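Labels run A, B, C and D following the written order; every chain starts at residue 1.
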Amino acid sequence: MAHEAIHTDANDASNVTNPEHAQHHIVTPLQYSFVFITLLVFTAITVFAAYLDLHWANPVIALAIASFKAVIVILFFMHAAYQSRLIKMTIGAGFFMFLVLVTMTMSDYISRAWGLW
Amino acid sequence: MSAPATHTILSLPDQSTAKMPKRHYLNNEDGLLSWLLTGDHKRIAILYLISITFFFFIGGAFAGLIRLELLTPQPDLVAADTYNKFFTMHGIIMIFLFLVPSVPATLGNFLIPIMLGAKDLAFPKINLLSWYLYLIGGTLTLAALVLGGVDTGWTFTTPLSTHYLNTHVLTAATAIFIAGFSSIFTGLNFIVTIHRMRCPGMTWFRMPLFVWSHYAASLLMVLGTPVLAIALVLVALERIAGIGVFDPAKGGDPLLFQHLFWFYSHPAVYIMILPGMGVISEVISTFSRKRVFGYSAVAFSSVAIALFGFFVWEHHMFIMGVSNYSALVFSLLTMLVAVPSAIKIFNWTFTLQKGSITFETPMLYAFGFMGLFTIGGLTGVFLGSLGMDIHLTETYFIVAHFHFVMVGGMLMAFLAGVHFWWPKMTGRMYPESLSKLAAVTTFIGFNLTFLPQFILGYLGMPRRYHAYPPEFQVLNVLSTAGATVLGVGYMLPLLYLGWSLKYGAIAGNNPWQATGLEWQIQSPPITANFIETPVMDHEAYDYEWLEKKTLNEVTTVG
Amino acid sequence: MDRFISPVLWQFLTKWMHASALFPPEASTISPYMDALYFFLLLMTIVGTSLVAILLFGFCIRYRREKSPVATQVEGSTLLEATWTIIPLAIFLLVFVWGALLYFRIYDPPTNAMNIYIVGKQWMWKAEHPGGQHEINALHVPTGRPVQLTMISQDVFHSFSIPDFRVKREVIPGRYSTVWFQATEPGTYHLFCTQYCGTLHSSMIGEVTVLSPDDYKKWLEESTSGMSLAQNGERLFASMGCNACHSGNAAARGPNLAGVFGSRLTLTDGSQRLVDDAYLRDAILNPSQHVTAGYAPIMPTYQGQISEDGLIDLVEYIKTLQTNYRIQQTQMTSASDQAAPTTPTEGITPGMVKP
Amino acid sequence: MDSAIATHPHTHETAVHADHEHASLPQHRHHFETEEQQREAGSFGMWLFLLTEIMFFGGMFFAYLLYRNWYYPAFAVASNQLSVPLGAANTAILITSGFCMAVGVWAAEVRRRKMLVLMLVLTTVFGIAFIGVKADEYHEKYEMHHIPGADFSVAQFVNPAAYGIKEEPLNPDMAQKTEIYFFLYFAMTGMHAVHMIIGIVLLFWLTHRAWRGDFSSGYVAPIENFGLYWHFVDIVWLFLFPLLYLINRHPLH
């Protein structure tokens, strides 16, 4: 179907009705199964790691593994890897705001013991 | 076209022959169901306008009762807990049921799709759901009121709200929880519409500043409101389970609730003021016939306010025992967030330069906004500086500050917007002289009400007191007098706008000769807004383009 | 003037005008500094608002439609944008620094300050002087000496505010908060609770009476209740059985408390903590988190068994404890006439918690 | 100027004619220019909604972070009362459910109705299995008096040996803080379960529509958006599992 000039599929920024949209990348079940297996493997790893006594490193590893699994799910299961830049920025904004909530509130709790008040 | 009168730019069609367009969004479907199940963003805006006015007058009634009680130092009008229920209801209704939704849900809903050249918002059904959630939230708040009231203050301070009160805290918390989702869905709708449904040629910097400020406010709605939701859920759980994260006797930290609550409630004040700023940009540009001075500066300062708005919440908690060092950080960031507002005020002022200014009612409200918002904003700097906050927090200085910004700023802007777009929404003109009287009355009443409260604040009169030392009485009597004038001032628009629906002059497409896309279509607009998707080929506020368009239109059709 | 206004109204107005206040008196050393910042900020507001107002009215008059029927478009100027970004930012940062200095002065009490304990309870203030004087909704302080208030709430958030001293501090349940002032003018001043705390929030007020030093000494003598806080503390220390473990001799199961106040303790997890009133109070209520290095975490919690006043008495007692002589004395007398109280049994159910 | 239909700014020559050649989908809503724009707007709206969910759960995660640091011994002992096998199995169940949902989205995109319905059914089955395991865990807590509130008892933490629990005894004041752990446990996993139940109800409705063939002729937005929601709920659990179950599992030294 020939589209008139206004509706070019190319990702030109000024084409406002149809800005850089998803490239309609179909993720095959095979790719999904790779992700599936990686998630299961990492669940096993995190459980196994919990039984090792690594002192301060335990929570760090647990969070790292959980974040890695979350990133995989977002990229492949939720197709974020194939979405437009806008969707990626939205995801980024969400986690950024969560980090703002955590770090700035923690800044109060951490520094309570500093001053003599 | 009548001879160009010098004192006004209002150009109405010849009233003897002009009549309302045959088909428009108000009359193309009839019956209650066509309104209650509508997807049309314009009808939802009208539904919101009616419900918001209803709640505004209930909240205003409580304000009146509070001011009556404060006429005398003795607690002689009502009992203590009744007074506490008054100011709690005044706070909850005014903030969650009037200020947060007012401009976005009425003017924003009505205008953003048209200003972007779209047929409707991205998700019409979710827009309707947002109105129903607002209604459920409102009814639950009234239920809490009727069942016996809630006296936690709109801030739900724990451990008071969780362990030491047995009033209807749960009902009120559920009401706000649901009304919060109404705000989230409105914000979500706006962001998607602004990103994905602009007409061809409508780049980001050709959009009106009204849309920019709603975009910034919507970011705050979407990202901030859920944290209030979880704070209220935790309060509710703690009331039910008896143990929770905020109970100091069992190891919880009540300051955690303050953090979670103010994380939303400070961005909430920017949710309330940013849309008002959008209205002011439109009004000042139209009535000075000039493009807003430093368009990109005003646009970026809206987004800057939205971004910085998230980093400053702890200035509500400076004396609550937060660590001195984090208070330093948040005080500095509070100073930074004040700068974009200053940028906006000066940009609006310089828009008037070399303009061709007329003084219709929206412009009067806009000037009222400029003055009062400047005072409100600068008194905010008082409270942002740590030392000053120690003496001024939790006194009437704070009450005066946020009423200057919310009532002087936001409500003035809302009234400016309602009067400015009334012809577009209803096809009828409001009566000019009576509305100017109302604007001046509200301005005088407002100042008489809230300026004395600054002085009371520095004297140290605490907030939420219904009995005070006798030496504060004079200022309180002045404030109550002002409140009555203010009440009258707000009653007038209700009357003459209602009157104008039937008897107002026929407005025609572009009574103000404004440049926005919404002024190029008929008023009231057809349901689909545009016959064909418009193509935006000129900059925002392009008065030369408008000149050219009206010229060749007259020649071709004439 | 009298012919137009009836004498009754005139007399009423004059009474009003005299009786009403417009500016709070400066009754503490910090007040002038606070007022200086206030007047600077007031000046900034007046200048800022009048600048905007003058520009507004000037442009309106100069460029009204009658005088300039056609507007000439102006895009904007980055120079102007820069000026009204940098100048406000500079003023605001100046105010930030000034305010921060004032904040740190008010919320860091000097070491030589005399300490008064304040307990906020739903709808009344209890002031407890170390000498044992107890006051309800009242506070007597001398002029010329820094007074530090160590405050705690027994139920909800309150806020201890003396407008004429320009000080205010939230009184939090579960944790001490402190503020200090040095009164300058003898007289009586308002005391308000400014954090909404329930039904009778507006009647949780009181009087702060400032006396000259010798009047203060006279007041102290005639209003003493006989037992100083430390003496109450000693009685509690014995009756709660603290001396069984904290007996001060070498083989004691609890650490030696003589002279512990103000020292730096190393805990079992190796962290170093300064022993102040907050630490002592927490150690009594949550002992397992404050176990001194080298001791077993066997101290039972007293959460819910000692009121805030009792905790204040115990903290005051431990502060004044320089030697263990008193402890050993009380231990011998209690051991001789009846069996030493056994340490409370382990199964302390949390149900004992007072609301 | 008073013509009934508004005059329109036709200054732009190449104003496009709205009707496209190919037959537009029945579900193409009038106010969108193209289906592509509608689908883009749909997924962008869904992501924004997930943003609110991130901030919603974020509040609780922060409360967890704060109290875990304040009362670490209580959190460690209380966390050890949860059964890791059940938790790990639940995580696997939810990951499988997520996998089935992803394949379902694929089936919808390649318009295979039967495969789509099968995958949706499998997703629902695993979802219900997850809720079942959670219900069993909650019941076990009920028996052990670990539900915060009136009948919460710290006896098991004060002298665990008497209850056959291999844990170091906690001081009574620290033992009392385990109630905060269990409050957070029930608040977070409860809120997560509520989101799962909402998802399962939506799944029944979507499976019914998929069986009717709504989503196998090119219109896949509901399946795609529900997939986003389901994967988000899965991600929340991916964080909840290690943070709540695996605080301090290494054996006593």
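Simple rule for what comes next: a residue touches a chain if its C-beta (ideal position, glycine included) is under 8 Å from a C-beta of that chain, and two chains touch if they have at least 3 such contacts.
Nothing here was measured: the structure is a model prediction, and the numbers come from that model.
Chemist: If you average the C-alpha positions per chain, which one ends up nearest the average over all of them?
Modeler: Of all chains shown, the one whose C-alpha centre lies nearest the global C-alpha mean is B.
Chemist: When B-D is set beside B-C, which has more C-beta pairs in contact?
Modeler: B-C
Chemist: In angstrom, rounded to a whole number, how far apart do the mean CA points of chain B and chain C lie?
Modeler: Roughly 37 Å separates the two chain centres.
Chemist: Round to the nearest whole Å and give the separation of the Cα centres of chain A and chain D.
Modeler: 15
Chemist: Centroid of chain C to centroid of chain D, CA atoms only: how many Å?
Modeler: That gives a centre separation of 45 Å.
Chemist: List, in ascending order, every residue of chain A touching at least 2 other chains.
Modeler: Correct list: 6, 17, 86, 93-94, 97, 101, 105, 109, 115, 117.
Chemist: Can you list the chain B residues in contact with two or more other chains?
Modeler: Only 195-197, 200-201, 223, 227, 250-251, 253, 255, 321, 324 qualify.
Chemist: Chain C: which residues touch two or more other chains?
Modeler: Only 107-108, 177, 286, 303, 350 qualify.
Chemist: Enumerate the contact residues on chain D facing chain A in the complex.
Modeler: 14, 16, 20-22, 33-34, 36-37, 40, 43-44, 47-48, 50-51, 54-55, 58-59, 61-62, 65-66, 84, 88, 91-92, 95-96, 98-99, 101-103, 106, 109-110, 224, 227-228, 231-232, 234-235, 238-239, 241-243, 245-251, 253
Chemist: Okay, in this complex, where on chain C does chain D touch?
Modeler: That would be residues 285-289, 297, 299-301, 303, 346-350 of chain C.
Chemist: Of all residues in chain B, which touch chain A in the complex?
Modeler: 195-203, 219, 223, 227, 255, 259, 263, 310-311, 314, 321-326, 329-330
Chemist: For the complex, give me every residue of chain C touching chain B.
Modeler: Residues 16-17, 19-24, 33-34, 37-38, 41, 44-45, 48-49, 52-53, 55-56, 59-60, 63-66, 68-77, 80-81, 84-85, 88-89, 92-93, 95-96, 98-108, 122, 155-157, 159, 161, 163-164, 166-170, 172-175, 177, 190, 192-203, 286, 303-304, 350, 353-355.
Chemist: Report the residues of chain D in contact with chain C in the complex, numbered from low to high.
Modeler: 73, 152-155, 158-159, 170-174, 176, 179
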